[in-house]
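Here come two complexes built around chain A, the first alongside chain B, the second alongside chain C.
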Partner chain A sequence: MSLKYMTPASKFKRYLPKDYVELVDYGPFGKDYSEVGVKNMGTFKELVEEHPMCSGCWMAYYIKIIFASLPNPEDTVTIGTAGCGRLAISQAAVPFIYGNYGDQNAIASGLTRAFRQRFPDRQKDVITIAGDGGMMDIGFSMTMHAWFRREKFTTIMLDNEVYGNTGGQESGMSVEGAVLKMSPKGKNFGKMPATQLAITAGCVYVVKMSPTNINKASKAIRRAIFAARKLGPTFIHAYTSCNIEYSIPTPDVFRDAKEKEKGRFAFEEYMTPEAKELFATIESKKKREVS
Partner chain B sequence: MANLGPAHYSPYPVAYYDDLLTPPKGKALLLTEIVDEEVAMGEIAKMMLTRDNATIFPGPQVLYAWNDEAKKKATLIKEMAEVLNAKMIPMYDYRPKYPKIDAEVEINPNHPNLTIWHNDIKACIFVGVHCHYANVALKMIRSETDCYTAAICGLSGHEDAMATIRDQHAEEMAKFIEIAKEVKKELGK
Partner chain C sequence: MSIKNMTEEKNWSGQKLVSTDYMLFEAPREKHFMTGSEVLKEAVKRCTVDASVSYPITPQSEAAHLIGELWAEGYVGVYFRGENEFGVMSEVQGCSMAGARTITTTSGPGTLRAMENFPTWSGTRIPCQLVLMARGINSPLSIQPDNLEVSFLLETGCMIWYAENVQELFDMSIAAFTVAEQPDVHVPIITSVDGFFVSHTREAVMLPPDDIALRPYNPYAAPLPPIDSEMPPGRFLRDPFVMKSNYISYATHASWQWEVRSAVERSKPYARHYLNGLAHTTGDEDAEVAFVACGTAAHQAKEAQRELTKLGVKSKVVKLRTIRPFPHEELLEAVKDVKYIFVPEFNIVGWLEKEVSKSLYGKCDAKIVGRPRVAGGMSMPAEAILQEVFENTGLKKGA
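What follows is the complex of A and B.
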């Protein structure tokens, strides 16, 4: 996509649904992050608004943050797979590719390479967004191999610690002892060390977090995208609870996320020296521009 | 016989079942017959002018101002709608939409029959829709509705439309508009 592909021909603008026209006129396309970033959510037309997720879904909230953080939405493609997340991701005004059975990182590898061949003069961002099952269980080999190959795209894992979409089976990311609807005896091994695996496999920027602070969450997403453009694979492991399968009352979802932030989802950020240097350059440049 | 729908469900696309192929270069397909382009243009115009709630479905290739040709086509299609007294409902996004589309103002290739049913459309033109999505949508419309479908295609045409003209660019569209004006005059519309 590019801006030209979403600007309606003047003759047709009045025939397009109001939602679409508002997206073109008041959406984030072609605008600066300071104008349409997470800080200003609610004041511009967001890329994802309506979605069919459950009431109180923390994953839907985080997905909104992801889309509000994109540095270049008109040149971004997202890839997902089976799971709750794709129900909202596919509703966003950004091209979405549905990967079968966890092959999102394999598709992203090919797509990233194809974009670099096809558009050598334009920066295209590819982001895979999938759940813990799609990323660490079913799509594990494709996720790992994309990282080993140093593919330059961003991987975001929406970890709700359960197969929420299919009725509550344990996943590799469920905690030890977790008793779920479809695993009544409790899980008998612990969470997979996803961030450790990412670092070992060669990711240049890795973050684990419970996204309770939208600015912090957005900063991590943007850093991951910037580093993936130039340096190599990046990975964000975000806690996005399933309030249905873990029976978290809707008003307590945020409190639960805060609690997890003090525990197994305490903020962790890893970056290579090259990534550190890159962020210093980008962020100091922004500060200079603002001042 | 390939004809107006509803053709109902079939293990094969109806056109394929009826041995229909896209028309050869310079020709057009009108139901089961290969005819001259001008003949098909006249027939499409007649159907659009005489059947209820005639509608043009412009697709992304003409909806968006992504090159000069697209802008030129947009202007011509707007004129075409005026000549044919047709409504305009865009097919602006191919992705399935949850929970459902607003059939009043949009058409989606994954369930185009909803828009046809909702607006009681009896004749339509597909233009600027990428071929693979036009094929899917046209098959469904023929299966489910009695809408007369016409496809104005920049490539090789669509056998699942009741009328299809191929290799259509700005010049050919202008020719179609002229023919439509004549038909309109003849019909006294």
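What follows is the complex of A and C.
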């Protein structure tokens, strides 16, 4: 039904904004992942194009990967909160909810349950995308409780280890000793163990990564979405550096991401046996996986 | 229960779908004996409610339990306990944005914990219902009847109605969905009662049969579409106003806030119809003394009014049933010839007296006295109201 809604009547099409018509004609809606997807970025109309993120922003790059990985963009809703990420997420051609500070996983809980009530035969994907402050500090209780309640949606944390949007304050995900605003003598505790918390709280699929390989990053995102549909909460903890607050020269952003991949963002992937079985089934099919 | 069982005639639980007019004005009614919490269950049962999220806090907990029972019985689609009131109100927002008719309940400190949500609710134009069973706020700790928290809700852009008793809570909470869901209104509604006095007091109440229910909410008639991805893709916030520093962005934000408040005003004709008026006046038409009150305070004022009649003093009670929108016209009409206005309240700050004074400023010569005020669980006997009358007027006992 959603796909039908977005297709304009032929006579009306010429009056629609060019951007809209291009999205319908050349965007990823209703298309097979093998035609669109991250492998073919640059050859189709992407869901996120213009955005106001800083030059060299690794977070903006990862957000483009998220949107190019959606298995069902015409039936997806994203939810975010304050932070740099929402500046790009809100400009994607996918409905986006900007709620209260840090309440993305609470809104997603209500939204997911009401979707299942209103559309019992349809799969609508709900994804929260927020920063380390939004997920692990101000939104902590709602992040955790959504997981404990086994809410069936995907949580993606864009971890730049700092409050970037508000000007560089310490977050719960900053490293110990980091001298940032609000920790002028250096942060006195280490990074919160987000992925361990997610596993303890009942997430069925958990990944920590520095997304230097787009195929690997995309695979994790798609797995997280597929597992959330059927099994329970899923969580991706991605390193998305802040080149401004951590003074990373633009040409070195990728090198920094590679370095982090060897260190505290070494690839970790956890899945329950049920999730493993699900992925084996889905990934053995070559076709586009739509529920 | 499933939405798949919904037909044109019946909802998922097999109740016959009827209009709000039929439910409130035409359906035969039978007498029951119930508390406010119990009657709210009966109201929700007749409203084809899609979703409810709950959290414990005295005195609203029982009402929330009973909505949970409705879910277990198959009358309500989604029900769960959230992590705290802030989370709950966000979950309510999620349900409502997904196009669900949604209700929740809270009291006192829970209201303040959830505060950030209420202007977000109105700003996103969701028509959800919060039933507030007022109890006052900390510190020091109190769980007793006191409606101080209502003063914090006045400027959130939500509609606020106030029910006096169990019967009014039943009728109002049904009308609330219907008025809030009007396409030209479409803002959240807070239906308030005084905790314990209404939530826990058993009263006679007339109820229509429970095999009828309101027609389901149609989210596609909303002024803002639901966020259910059943619509064409746009780049939804191509130019977020937050990123602009120019006159248009300021004007847009300001005009949206005006629009939310205008929407609340536009609810008046609907509320007049479904509530039988925004204010109810009882007592002597040619009164010298008027009591302007809402909720239980209006009940006590009526008691004082009857006592004054025995003493030969002419008085009237103007019970305000909607606080947002504020019934300016009805209030002025009711008090234009009185000499004294008393505003008895169950809180220390006198938020209703401020509202009344502001509304009547420059329009009415009556002396306005914001007393008696009781708080923290103190009762308001008619004698306390009479004492204020005698102290602040030339009227005397036995006059």
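A few comments on the model shown:
We adopt the following convention: the second predicted complex is superposed on the first by the 283 of 291 C-alpha atoms of A that agree within 3 Å, B and C clash if a C-alpha of one lies under 4 Å from a C-alpha of the other, contacts with A are read in each partner's own complex, and residues count from 1 in each chain.
The criterion applied here is as follows: a contact is a pair of C-beta atoms (placed from the backbone, for glycine too) under 8 Å apart; a residue touches a chain by one contact, two chains touch by 3 or more.
It should be emphasised that the depicted structure is a prediction, and the values quoted were computed from it without experimental measurement.
Judged by the touch definition given at the top, the superposed model places A:L111 against chain C, while chain B stays out of reach. In the superposed pair of complexes, A:H51 makes contact with chain B only, with no contact to chain C. Between chain B and chain C, C contacts the larger number of chain A residues. Once chain A of one complex is fitted onto chain A of the other, the partner contacts of A:G99 are limited to chain C, with no touch recorded for chain B.
In the superposed model, A:Y20 makes contact with both chain B and chain C.
In the superposition on chain A, A:M142 makes contact with chain C only, while chain B stays out of contact range. In the superposition on chain A, contact of A:L87 is made with both chain B and chain C. When the shared chain is aligned, chain B comes close enough to touch A:A9, but chain C does not. Once the two complexes are overlaid on chain A, the chain A residues touched by chain B in the first and by chain C in the second are 2, 5-6, 8, 20, 50, 52, 87, 90-91, 96.
The touching residues of chain C, when paired with chain A in their complex, are 2-4, 50-51, 53, 77-78, 80, 82-84, 86-88, 90-100, 102, 116-117, 120, 227-238, 240, 243.
Chain contact summary for the complex, chain B toward chain A: residues 58, 60, 62-67, 70-71, 74-75, 77-78, 88-90, 92-93, 95-99, 102, 105-106.
Across the complex, chain A meets chain B through its residues 2, 4-12, 15-17, 20, 50-52, 87, 90-91, 96. Those residues of chain A that touch chain C in the complex are listed here as 1-2, 5-6, 8, 19-20, 23-24, 27, 29, 47, 50, 52, 73-77, 79, 87, 90-101, 103, 106-121, 124, 141-142, 145, 149.
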